[in-house]
Amino acid sequence: MRTTEETRQSFAIRMRNVEKRIGEFQLKIEDLTLEEGRIHGFIGGNGSGKTTAAKLMMGILSPDAGTIERKDLGPRDITMTSQRPYLLHDTVYANLVYPLRVRGRKPEESQVRALLARFGLEDKAKQYARSLSSGEQQKLSMLRALIFEPRFLIIDETLSNMDPESVEQFEEMILDIQKKNPVTWVIISHRLSHVYRLCDRLHFFSRGSVLASGTGDEILFKSSEPEIRRFMSKEMIRSGSAES
Amino acid sequence: MRTTEETRQSFAIRMRNVEKRIGEFQLKIEDLTLEEGRIHGFIGGNGSGKTTAAKLMMGILSPDAGTIERKDLGPRDITMTSQRPYLLHDTVYANLVYPLRVRGRKPEESQVRALLARFGLEDKAKQYARSLSSGEQQKLSMLRALIFEPRFLIIDETLSNMDPESVEQFEEMILDIQKKNPVTWVIISHRLSHVYRLCDRLHFFSRGSVLASGTGDEILFKSSEPEIRRFMSKEMIRSGSAES
Amino acid sequence: VAAQEGAEEKGRLMMATTTSTADTGLLDYLAPLFLEDTGWELQWDAVGTGEALKMGENGDVDIVLVHAKASEEEFVENGFGVERFPVMYNDFIVVGPKEPIAATDDIEAVFTQITEDQLSFVSRGDDSGTDKKEKKIWAALELDPTSNEQYVESGQGMGATLTMADEMQAYCLTDRGTFLKLKKDADVSLELEIVCEGAKDLLNQYGVIAVNPEKYPEVNNEAANAFIEWICSDEVQELIGEFGVEEYGQALFTPNAGTDN
Amino acid sequence: MNVIEKLVGSLFSDVGVYDAIRVTLCMSVCSTLLSSAIGIALGLALERFSFPGKRIVVRVNRTLMGVPPVVVGLVVYMLIMRRGPLGFLGILFTVRGMILAQTLIITPIICGMTYSYAVKTAPAVRVFARTMGANRRQTSILLVREMKYELYFAMISGFGRSISEVGAVMLVGGNIKGNTRTMTTAIALLKSQGIFHEGLTLGLLLLVMAFVIQCLADFLRREVQEEENY
Amino acid sequence: MNVIEKLVGSLFSDVGVYDAIRVTLCMSVCSTLLSSAIGIALGLALERFSFPGKRIVVRVNRTLMGVPPVVVGLVVYMLIMRRGPLGFLGILFTVRGMILAQTLIITPIICGMTYSYAVKTAPAVRVFARTMGANRRQTSILLVREMKYELYFAMISGFGRSISEVGAVMLVGGNIKGNTRTMTTAIALLKSQGIFHEGLTLGLLLLVMAFVIQCLADFLRREVQEEENY
């Protein structure tokens, strides 16, 4: 009973009837399919289960019930940047090249420096990573996830403390990657305008389940769910690539 | 040689010729005056020194040179929410009432519960604080700072992971406080639209110094500084209380 | 002949002995001579008498040199040792503050006075040879030392017990060798004096026993026999008799191989 | 009481086991509490204040964590012996003297562990305390509360050391039967008498006791479920 | 060498100080390294795996942190004596036997400290390692690296214990002059002979040695400035 959609577009990760209880919180996802090569946005209120769902996808948590299928994705192909980046007790440089080390790849010094320079961290390669400013820590966390070219990435609010310029740089970088060699993304964010601009599909979380999935327009502007409408009313979204 | 402005409006904190070196980073603030009873916004690129300046104001760091005057502000009157909230290894409730304990005040259970309920944390009073979701942690951190009615508050990116509804709630709460019993605020944020809406005055940080101070319009729309203009171009700002 | 043999080293002889032989320095004095004469290297573990015999019973040492005649004989009887050879003796003395007990050779009077006047007394209480001797004296006098509140058991070796007795200004039964050594070398010089010496039946006989090779084929019986033969020889007996004379003004041990107490 | 005394006593040779248990408990609990108070205070102070030569002090502290008990025993002995500077206290061959010696041994351990934990924990806590308007005393209390798991572990370690120590206690206490004899010195005595099996049994009893005390202490601690959301 | 030997030797009574220093160093370094390897591995494994009765195991571990050395000495003695199950090894009254006993004493200490640190550190590191695609081995290595300050401290503590230990070493090694005599057993011997000052001097020498070794170890560690931005 395959739908046309499913035949045309293969999925990267699919969660079916997944249940997970943590303390009082209950996550219940009937069907959440993330199509390959697309940018997915997870939005929803605080504590609605976005991070929990992401951890389940990463295998950091295991579900109490249900199945999580990962198509052709080994543990080395996926990554996640945390909402509270874990930085090694080491230098910026050591943090950045760690995923390469894990893969037995030798970091090319010049390339790494160029990457750092692109995000204004050129002087900070030898700085103790945890002494970076909050936004710099997030940048480092993003770069560390991108450096080994994973095929599935979850970005959990890792742009929240960055300045507007850096956010735009990363957005460009993401779109750039999608143009050249599309991978699958999950972007968790409360900045609806960014999510709207970036994502191919949005998934709206509410109280532990996915209330709606669809394109940005479908979810943000055409949804009839009162909860989504209320959520939306608080933030203005700029559609397209409008400049202020 | 007092200006009219200074006579009319007394300051809460004034930094004069303050210098602070941390590692390679050099903060240099010639004159930064925060008028009493106003909401001040610190904006600027990542690593420009906003948090460092805030820590100097709080007395967490001490300056290498220069003076920091605090008018009528004892250590019990000021507070700061950190960009990485420190939560006690204890319950949400214990975290929330800690500042009251410090002041020898007995928390009124019902009032505390009402406060938690207002921000959707009613069921979480007994949860281990560090198991809260990122946005919930920030809410707790905000409430903990507000609960003892300080006279000077620094909010260092503590709204960044909150959902739009909660952000709006806190904004309302802040404006509410200002209406009833104005205190002095410093809000550090990269969400320019929020800063624009909330703040009476903005201070733009760049590479360790304050490039410009002024009203939201002066800084965001009328500034001729190329750096500020570039910074601004990345984010759309909704002025007034427009609804989407 | 002996010197020629000393040229080649044959191996080690492991001995378990009591603290007194080690603490007085006798073994330090004898070991190099033994090596020179026979080629065996003497090594020792200085422990409590009970522990020394236990090590012999377990076959972990090749030879024991202790002073607890009854236990030694039992050790041989049970087949752990080959034969007991008396080597030397020193004597037990009672030491303590000069007042109120006047120097005497009547051990019974001293012990009776200690109990009756409730004088401080430190007993080793570790079931060692010295301790057994002390218990025997109390028993012979039909006295219960524990009725004396000033009677304490230290549960430690002779040196430590003497130091304690000095500190507590208490009386103490000790072997002469350890006392002399401590009196001379301890840096907190002992204030204790001899209050009773020369009483008959206060001799402290040392015996040497080779661990039975029939029970433990691994033991170095050859070296053990060499040691017994060596230490019982006239020359070495003479050396033992000279040990300490120069330093302490009197011999610490009296050689008596062949005879017994 | 008398029945238990008889029962326990009868298991062992005449070394005064029942009294030894009492003395061991009294001594190790007292010295652990004492050195916890001193060690934690010193450890926190060491973290708190900067002064020239601090690195040296930290290393000396670490070195003292491995001071041989017998050396401490000698030092204390020479201090409190009749002719020593503290001889007038008359605490040689008493449990109080033993507690003193043990406290000297354990304090560096607890101090060192406290310092090493505090170095990691204190900076963040201090910044937080400042933002909350806590004064010095409150900041210290908060720091202790935030490190309670670690400090408890340090105390347990100190207790372990104190209950197992024999060298200093033997020298300073004198292993006097029924008076300053502890379980460990009793074991040493049994050992010197060649009564190895009883020594082992007594050792086992000691470990069981230490285990039970720890379970009690664990029970008294309120444990919060501490799963964090990363 | 001979000159130093003479010099050091001449300071002390005829207890064989020079050899004692050699034996002490060899024994404590070997046993520290051995028990670090075992203790850290066990501590990490204990944190890593959940199984029924784990809480008990943790408590038993903590209890064993305070096992009396003399008890361990007795156990090891009875294992390696000629008639014992490991008698064939012939390591009674040898330095190897002493290392075995010491390893048994120190391993629980290092294991317990490692576990208590890992409980705090490992969850976050493990989540991170997963996001980086690290395999099991790499995760363990990472965890050790992230805990290097703490593990170093645990090793220092173990070393301190090992260098100061006397009860087990005395029993298993036999305190044989020039062979299995360590500095601590030499001190105990001097003490029993009433030669307190030399015992103290030797104790001081031991502490100085421990201090120097630690400075060397500190020097070998690369230290990063670790100021965090809260």
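By letter and in written order, the chains are A, B, C, D and E; residue numbering begins at 1 in each of them.
Throughout what follows, a residue touches a chain if its C-beta (ideal position, glycine included) is under 8 Å from a C-beta of that chain, and two chains touch if they have at least 3 such contacts.
Note that the coordinates shown come from a computational prediction; the quantities given were computed from them, not determined experimentally.
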Task: Fewest touching-chain hops separating chain B from chain E - done: 1
TODO: Could you tell me which chains are in contact with chain B and with chain C alike?
DONE: D, E
Open item on the list: Let me spell it out: compute each chain's centre from its C-alpha atoms, then which one is farthest from chain D's centre?
Closed with: A
TODO: Determine which two chains are connected by the greatest number of contacting C-beta pairs.
DONE: D-E
Open item on the list: I'd like to verify one number: the distance from the centre of chain C to the centre of chain D, where each centre is the average of its C-alpha atoms, in whole angstrom.
Closed with: 37
TODO: Could you put a whole-Å number on the gap between the CA centroids of chain D and chain E?
DONE: 19
- [ ] Could you grab the centroid distance between chain A and chain E? Build each centroid from C-alpha atoms only and quote it in angstrom.
- [x] 47
TODO: Quick one: which residues in chain B touch 2 or more of the other chains?
DONE: 22-23, 51, 82-84, 86, 131-134
Task: Where chain D touches two or more other chains at once, by residue number - done: 78, 124, 127-128, 149, 171, 188, 191, 196, 227-230
Task: Set of chain C residues in contact with two or more other chains - done: 157, 160, 188
Open item on the list: If we use the touch criterion from the header, which chain pairs count as touching?
Closed with: A-B, A-D, A-E, B-D, B-E, C-D, C-E, D-E
TODO: Show which residues of chain E lie in contact with chain A when the two form their complex.
DONE: 124-125, 127-128, 130-135, 138, 142, 145-146, 148-149, 224-229
- [ ] Over in the complex, which chain D residues touch chain A? Could you list them?
- [x] 227, 229-230
Task: For the chain B and chain D complex, residues of the former touching the latter - done: 55, 58-60, 75-82, 86, 88-91, 98-99, 102-103, 128, 130-134, 137, 144-145, 148, 150
Task: Footprint of chain D on chain C - complex, ascending - done: 47-48, 50-55, 57, 125-128, 152-157, 160, 164, 167-169, 188
Open item on the list: For a test of understanding, state which residues of chain D touch chain E in their complex under the given definition.
Closed with: 59-60, 62-71, 73-75, 77-78, 109, 112-113, 116, 120, 123-124, 127-128, 149-150, 153, 156-157, 159-167, 171, 183-184, 187-188, 191, 196, 199-200, 203-204, 206-207, 210-211, 214-215, 218, 227-228, 230
